[in-house]
């Protein structure tokens, strides 16, 4: 049951990095939505490795093939199957990984859990799995667009370099103008140079993605266990290398008192709004119509090119040195994945909300 | 479907702050577990208001009555129904809240979502709902004890006062020796005084709960969407006032490179272990046998005693001044709730893991 | 997860026949529905033993107490908790059952499955559990009434005595005029006398409940695994003693050819209807606006008053003779339970259907 | 959520009759099971049209391609994606169906529900969808074989011709020796000739599949809503054209009294067994170790070759005459589908049962 995400709108994903491909089934997608295939492919391209000098040089074509559920350009309400074929299934690159457990990868935990392990490049635990999320997210975005909801994520920190201001201080239209996907061009340049340096060392670095949702209808989210923030957190923490989630003021707001942090209501020309937005657009687990924003921290990718200590399958101490290409910083590519998970969550909750009253 | 938590082990909760009581049904609890009723009540007592001068003075007896699923002192495998009756259902304290939306409460979002609102003291959005979690968590803890799993949470930050060290630096046996539930007696005193001062101002303050899980079997958690950290994050962010979740190094580790943050394996007298634990005991979404630890941030409680601006049900600007008692700092009482959510999550994943191989 | 029924609208039930009571939580019930408490109680009364000479003489008051989710007479959208307290928990009647497995009861299978058994009168496997269904069904019926959906069930067979005609041949308003709940007064009298004779023998007899749903909107049901008939079948076969389910022409239609059984469409004054209704109102798993009808077979109750062979807990052959009261025919009391399961299923599918298109 | 079947073991299916193919994702399949690909293909061949003169002459190759979850011949515990490509996607055969609603098909109900319809040969409501079930069932059977569980189904009725005896009277090894899949060679011949005659008339005929499960462990099934018979009924009624389900004595046993129908226990050389098996191997919703058996009725296929009355998309009365090939009797091909649904259900419940006790 754990390769599925969502309740009414539900993505079930399959596939390994070195199997035939990565795919999924999107169930519960509303009928009658016009699907822009170019947009779906553009979203996949944003996730794809090899887009710039600061990501992995590994080449993946990542063309999506839809298998069902779309007829004459529109969703039919039937499950939408899809696959992105793996072009390069040569797994000999990974032969040296067959006999050892790579540090901070899932090799060891998978082996203990399943008693069997697909050792070709991470198998199911590979970040290639996120392809299925980006496809589903691209469809969800198209449905949300009809509802006036816009989701935008960007890189707000790379290692020690970070944007100090809240999202309102930046021009989000600048995000896609640089390879780091950062709306501050000066910081973007700094980040890019930093990543390039890290790459040269054969090392990796983490950072933060910030995500903003504008135009969310009031009333999405369920009280108690299905709070909107709980669903968003679950989606974000399910992304490879994600280590933390905070929304609204998050950790930063802890020094403020309640009297400072409460978002008082006022009548804004006939519409009830809040004067501040410490809550991050969610109160009692339910969207209140203000902007929703949250931050997701990603650790450095575990694959580094220097020699590391580890053990082999028999538990004997040994060393491992990864060969070939590596991804020095996952942040730019994590941006569309964060957006995709948010889009699926919001569309799901929008559909659920329609069952609230007769 | 959103008043349920868990997959195999599933708590479904019900009840409002000023209705008849708070209760729930625990389905999927393993048969044959001896239930220590005193332990359950002790856990409820840890959550109860009025334990000390720094929590709300509101008195709640909070005696649990089990309704089914336990026979001759043991769980039968049948659903365990329970209720904690509300002793004080006088809702006249809340009459002044009937006509206004309290800032940073769920009043407004509930009203828009449902078209109807139980205005008596928060209704379903009240933190009294967490009673059901503590009861279910207390049962889960008893099952986990048989498996050698121990879950311990503590207050690690109150407003600006915080523990600077990782959990390994403290004697966790000291947690329950002070009303703040902080393992550092000096900091505990500081926190206590700070809360007392905030209380006198009629204001509130937030903070952080840190949670440590020792003895977790290797292999719990599901790859992809059911990663152990995703389930923990979802559980934690479903608690009232929770704003952030991080596990392992979380936000703090972002300045480190991959080569510094990887947890290398070594053979520790025949057992495969990691030399460091930046991963927080979870790799690829699955427990690796090391300690699991995470932190949850809680914002200040929204109910403050000073006058605040807001709007009434007609959207007209007005002011509101809460009367009576308030809870200056939710942290000490959040500690058992965090443990309860962690216990339910772990037991659920333990049961799921048993279906992995024939 | 198996003490829950439904998807969006979900009943989670708890309780044993000789525990404190039978109750449940109804989650996902739409907000703003006015709840007629007298109607709920009247439905419970229809299920209650001791209504006439042909049911068990066991007296059960069966007053429902709602615990949450209803405010000022209306549903709030929050979970509706409820309990019917067991008035007579004296389990000494059942002491002779502690040491043996009663034939065709769940005693043996529960013991093997759980390793522990609540031997007091069936425990969780008792038909008293259906109380929770009748309560939830009574609420669902009130929501469905707003949508113009009417659900009516009746006894159509008792042992060898059966109604030969389809439901259209009878005046369904006569159902509640006799204790058997049969719309044919002559057959009802025959059935009543037959049951009375069986009761005198200390024996039991089974039969069939027929259910008709009028006014169902077009479009309820989901293709493939969530076909409306599959959900109805699952609900009906989850009732104690139910052995079979058929809808539309069911088994009876097998001798007809496709050309005879197809329901051709025609334009009935601007509305698309079918000339016949062999399909029973469902095509491709989805309601087509015609009457839905189905039949459920119930075996004779397993508790008979004559001596029976069996084994004790050690597997040693022995005999058992039940004492006291028994229920000679479950059919009259099964009628409201069948209606309740149908009502929950339909309301659930109505809510789901609202998520089909944006 | 309705294109998924099962709880722990969960098949999510996709695909339309004239889209790219029919496929699915099998989640929760236990790790380490050796997969015999020839067996999977053999099962698909049993379902395939064109096997004999009495089924549709439509040719479908139906080769399965696995996409993930199997490594070096064994299941890995990761989701198993698969697809059977549609070889013949020419939908011009169906152009005359674009403008009308075929009687007793899902055309009309799909159109009302979704507002859009894939009119090419039934689209999602086509029986080709059952391919995904047969693939998943073939895997489940291989896991069940390790547990000693054997599932066998056969045709027990075709139109008016039926086997009068219970399954114990027949040699089940004879089932696959004739195209009807009937264990009584004489009746099989009669049935075959009857179908051939019906086929010549351009008409169709229904019948009954009987299914027997031997070697089922004691304890599978969940009390209350997850009774084993409820899950089996749900699975069976989700198959296209299925109209009825009965297990054990079903409708036939209604004339017997409780004293006649109870299955008394006895000690059979140290094993607790029942002397009779009216219960069909399930008591209180849980398997008791005796053979499980049930019957599923299938109506005649709706596609007949004679002219039929209907309406067009505008609701105007018209006639329709299907061209080309048709399937006179679905029974022989339904046999492997019934087995597949039973296999998935049993394996799922076996896995769930492992969570019952610590």
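General remarks:
Residue numbering begins at 1 within each chain, and the chains themselves are lettered A, B, C and D in the order written.
Throughout what follows, a contact is a pair of C-beta atoms (placed from the backbone, for glycine too) under 8 Å apart; a residue touches a chain by one contact, two chains touch by 3 or more.
Everything numeric here is computed off the predicted structure, so don't read it as measured data.
In terms of the stated touch criterion, the partners common to subunit C and subunit D are A, B, listed by label. Remark: among chain pairs A-B and B-C, A-B carries the greater number of C-beta contacts.
Among the other chains, B has the CA centre that is most remote from the centre of subunit D. Subunit B and subunit D have Cα centroids separated by 46 Å.
For the pair subunit B and subunit C, the distance between mean C-alpha positions equals 39 Å. Computed from the mean C-alpha positions, the centre of subunit A lies at a distance of 26 Å from the centre of subunit B.
Residue positions 1-4, 7-8, 13, 28, 31-32, 77-78, 113-115, 124, 223, 352, 356-357 of subunit C each touch two or more of the other chains.
Taken as a graph of touching chains, this assembly is fully connected, with contact between every pair of chains. Put simply, subunit B touches subunit D in their complex at residues 8, 28, 30-33, 77-78, 143, 146-147, 223, 351-352, 354-358.
If you check the complex, the residues on subunit B that touch subunit A are 1-5, 7, 13, 101, 103-106, 108-110, 112-115, 124-125, 129, 157, 159-160, 198, 201, 203-208, 218-219, 221-227, 229-238, 242-251, 253-259, 261-267, 270, 272, 274-275, 278-280, 283-288, 297, 299-304, 306, 308-311, 315-317, 352-353, 356-357. Remark: subunit B residues 1-4, 7-8, 10, 12-16, 19-21, 23-25, 27-28, 31-32, 65-69, 71, 74-81, 83, 113-118, 123-124 touch subunit C in the complex.
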